[in-house]
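You will see chain A twice below: alongside chain B first, and alongside chain C after that.
Take a look at the complex of A and B:
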């Protein structure tokens, strides 16, 4: 609660918080609040500009853009959340282990260095080449790219915590390793992890959208913001709104989470250097 | 030195991925090479010729041998040697990345320095707000907006393909929009990194000393603060080259720029496995090389890290 109050002191952060909640809610409720079905088309409406009857117009197939936008945001957010959850979870576990067990530290972190040697886009290209383009390939690529970054950050805060007295005290009373890690070490590494995950969520959405835009992600007719933008690119000169609507949506979602991540970092620990 | 040793397992990993990529291919390379009319005997002969009947470890060794000779195979789609196609596309990609860095890095460093120096004032807030906005824009959004306004509406600049060598008028005009797009997403991160680095240095003792001995403020910032702040900035820029590479793939696709990224995407989408493999190897290899170079520059700038 104190954290929330501190966050709300800055009006920009307040707006970002409200927007983030609204975006997540709209994505969750897409099937109930969307005016139609994302695949339902009426060719007589094809490329209709925003305004007359349809709030955001229709795409080249005559599908309602509001509906597509809601469902597209939903899938984009799911891709981002699953990737950050999966990659962040594995990375955090590895980071904790590396910070806790000195013998594992070298091995784990060298492996992470190897993974860090590749940009996410390369994972995306390679995984799409091996498994074929699709949502799964994107999620896999983004997760793999998230693991080493998370491991590094969690390990850094775990190493700091390991030098504190409470670890020594817990050891002295004979606490087992597993309990020590989960009950004492992990909770104290959480603030770094939360800040990182929020910032990473925005980055992952941007990367995922880029992969989908290239055609390596969600395939037509599935509504996903990146692939919608790619589809709109074809009709850029006739009906720019088909591309602009999903592009603007991606921009807003990423901006909101970046602002939120920055604010969280400043509120939780301004010294975190990322 | 440690980084140099690190590059070996990384490189092997990349090669292994490239090799595996060719293993999971649903089509049999021998059948493809033999053509649709070939008899089973011919296919078998080609199979043993290519070493496809040997154990995987031997095949990997053969694969490495072929790579060393520059043989990356032949495109399934148009029978052009992969190495030849790569040779044609590496240049344009480097050209695009350099053209983007040339303007975005100086601008980012300048903006970050000004922001740090005016910490907390409106100019700082403006720069920081702009940079958060800039890191949140999808590359393709920026590209499409530029194409729509500058290319289509105002008809000022070309927006499809490369116009020729950079020293010609056409070549120069054609690279402007792609370079503005790719550099545009790079200014934000550079500005942010520079601001953090300069803030750190401005609080350092040698800066206080410089001020105390009465040096003009300009000299303090440019000669003493900025110079030391450049060390982390150079490293971070190096680390961000991967980010730039990702942007380059998208930028090339939007502007039909004949680079490796566009080639890679096309190959993957058309299931041209040898071509996909070749492009991924080149992109990964290039990235490793850049990282190594950055490390060398880093240890040259800052003797303390030479361990």
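Take a look at the complex of A and C:
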């Protein structure tokens, strides 16, 4: 509650928070609030500009853009959340281990360095080549790309925490490693992780959209913001709304989560205090 | 509609900015600048099958015969006349005696024999060698007479000889240039002569002095312009802007979406060839799960809304196909047209219900444990991605799942030669019913181009009959049988017939759309360039 109050002190953050809630809600409720089926087309409406009946117009297949947008955002958010959750989870675990066990530190972190040297797009290409293009390929690529970043951040804060007195104290009373890591170390590294995950969420959505734009992600007729933008770019001159709508949606989603991430960092940073 | 107005606006806005380079290299007077979207890999007519090679080859070289604007009548070319022996196996061509190559050497029967033999020679590796028929021997019996002897009759020979693959070329030039023939130079008898080729840039040719042996389908058998430049401008907007601003004179490479606005653009003239045979179709691999059921294929044909696809994807520049072949083509069978089911999704569902395909929990039908689901291969481009997605949506409505996998052109042909797919999409040019049907439906042509794995003894028998009959009526009947049979079996969904339009600037007169093998401007005769 105190965190929320602190967050809401800045009006921009307030707006971002409301928008984020609205976006997530819209995505969750897509099947109920969308006017139709995202794959249902009516070729006679193809490329219809926004107007009466079709709020955001129709795409080149004559599918309602509002419906596509809702479902596209839903899938894009799912891709982002799963990738950050999966990659962040594995990364955090590795970071904690590296921070806690000094002898594992070198091995784990050098592996992370190797992973860091590959761009996410390259992972996407490789994984799409193995499993075939699709949402799975994108999620895997983004997860793998998120692991080393998270590991670094968590290890850094774990290393700091390891020098604190409470760890010494816990050790002194004979607490086991497992309990020490999960009960004491992990919660204290959490704030850095939450900030990073929120910021990473925006980046991952952007990367995922890029992969889908390249044709490695969601396959037709699945609605996904990146692939919708890719599909619409051919008609930029004749029916700009087909590309502009998903691009604007990506822009808003990424901006909102970046603002939130920044605000969270400020709010959780004790130095910026009260 | 709004987007049409925007097209014009975009084109006009783009004009001054996008083509300064083209303006800088201002063409010499009396030069015809042809604009196109892509180049060919080489200009050896025996080795390339690209349309972009054909449009140049028809200008650089001549063929023994030519095809009239109706796309049916065979007219003289380098051969003034020909006779067929009674058994239909030997054709005797009488050649013109006034023909010279670009280097001034007189063309004789030996050159014709050399060129045709070179085309057939397996070492030349022409992918369309079969177009020459089962050749036994080709010989020159006098400087102006060539005997073309076949091991079995081939009534389409005079027609096929008009295709650019069988252009007459100069032996000396071929031997001197070796592998670089058609890359660094070319010596033919065509209305224009090779000057220079910059790959993906300009192909420059100059008038063949003294040329007056053009096919009789033209008003004037001699070229009227001094130079022709084939200029590659890959981007659609830039290309059309170049045409509108006078840096180019004519093009057939017009994106469908822009056709309407071009028709309304002052200063441009658009001509159409109604007898144009370039069709888009979907073929089923008839031995793959789900699509091996004839009822399934019939239902799918009924489920696809071809008129809506033609309209939405081709913006009116394509006609929905209501028969396997274009009704204007030689040996088309009108009766087979009635056998192709029309768009009727309700009836499609009924056909599937009756055939035992029951909708599963996810809406996709199942029969005996087989899901009504198959994958579709094709070449990835804007037309196909839009068309296949529309087909996918149509099929979903009747409970059939289509998994679309379109491949980049570089790997697509390899993928299309595999057995990995249940259906494929493709577009192709053809010259006659016999040409199209023997290419795609002969069992000998599996796995490509007969990618449907259609192996039928009757089809083969009729195709052979058509190929070897001397009597045009017998050929027509045999080909009609094939058309009816494959239509009834629903081996394809004929989708759309592309239209051929050639746009030309006002200063250019005499541009007519021909369309042989997809080539819009045939030989470049009758064209004059004003100021």
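To be clear about the criterion, the second predicted complex is superposed on the first by the 269 of 274 C-alpha atoms of A that agree within 3 Å, B and C clash if a C-alpha of one lies under 4 Å from a C-alpha of the other, contacts with A are read in each partner's own complex, and residues count from 1 in each chain.
The working rule: contacts are C-beta pairs under 8 Å (C-beta built on N, C-alpha and C of every residue); 3 or more make two chains touch, one makes a residue touch a chain.
Every value quoted in this text rests on a predicted model; they were computed, and no experiment measured them.
Engineer: If you stack the two complexes on chain A, which partner ends up touching A:219: first (chain B), second (chain C), both, or neither?
Structural biologist: Only chain C; A:219 stays clear of chain B.
Engineer: Tell me which partner A:61 touches in the superposition: chain B (first), chain C (second), both or neither.
Structural biologist: second
Engineer: Just checking: does A:120 make contact with chain B only, chain C only, both, or neither of them? Give me first, second, both or neither.
Structural biologist: Only chain B; A:120 stays clear of chain C.
Engineer: Once chain A of both complexes is superposed, is A:238 in touch with chain B (first), chain C (second), both, or neither?
Structural biologist: After superposition on chain A, A:238 lies in contact with chain C alone.
Engineer: A:258 contacts which: chain B (first), chain C (second), both, neither?
Structural biologist: first
Engineer: Could you say whether A:40 touches chain B, chain C, both of them, or neither, answering first, second, both or neither?
Structural biologist: After superposing on A, A:40 lies in contact with chain C but is clear of chain B.
Engineer: Of the two partner chains, chain B (first) and chain C (second), which one does A:106 touch, if any: first, second, both, or neither?
Structural biologist: A:106 sits against neither chain B nor chain C.
Engineer: Of chain B and chain C, which one touches more of chain A's residues?
Structural biologist: Tallying touched residues of chain A, the top partner is B.
Engineer: Does any part of chain A touch chain B in one structure and chain C in the other, and if so which residues?
Structural biologist: Common interface on chain A, chain B vs chain C: 237.
Engineer: Please give the residue numbers of chain A that touch chain B in the complex, ascending.
Structural biologist: So the residues of chain A touching chain B come out as 110, 113-114, 117-122, 125-126, 128-130, 133, 202, 206-207, 209-210, 213-216, 226, 229-230, 233, 236-237, 240, 243-244, 247-248, 250-251, 254-255, 258-259, 262, 273.
Engineer: Spell out the residues on chain B that touch chain A in their complex, using ranges where they run on.
Structural biologist: Contact set of chain B toward chain A: 6, 9-10, 13, 17, 20-21, 24, 132-133, 135-141, 144, 147-148, 152, 196, 241-243, 245-247, 249-250, 253-254, 264-265, 267-269, 273, 276-277, 279-280, 283-284, 287-288, 291.
Engineer: Give the list of chain A residues in touch with chain C in this complex.
Structural biologist: Going through chain A, the ones touching chain C are 39-41, 43-44, 46-47, 49, 60-62, 219-221, 231, 234-235, 237-239.
Engineer: Tell me, which parts of chain C touch chain A in their complex?
Structural biologist: Those residues of chain C that touch chain A are 2-4, 6-7, 10, 237, 257, 305, 308-309, 311-312, 382, 385-386, 388-390, 392-393, 396, 404.
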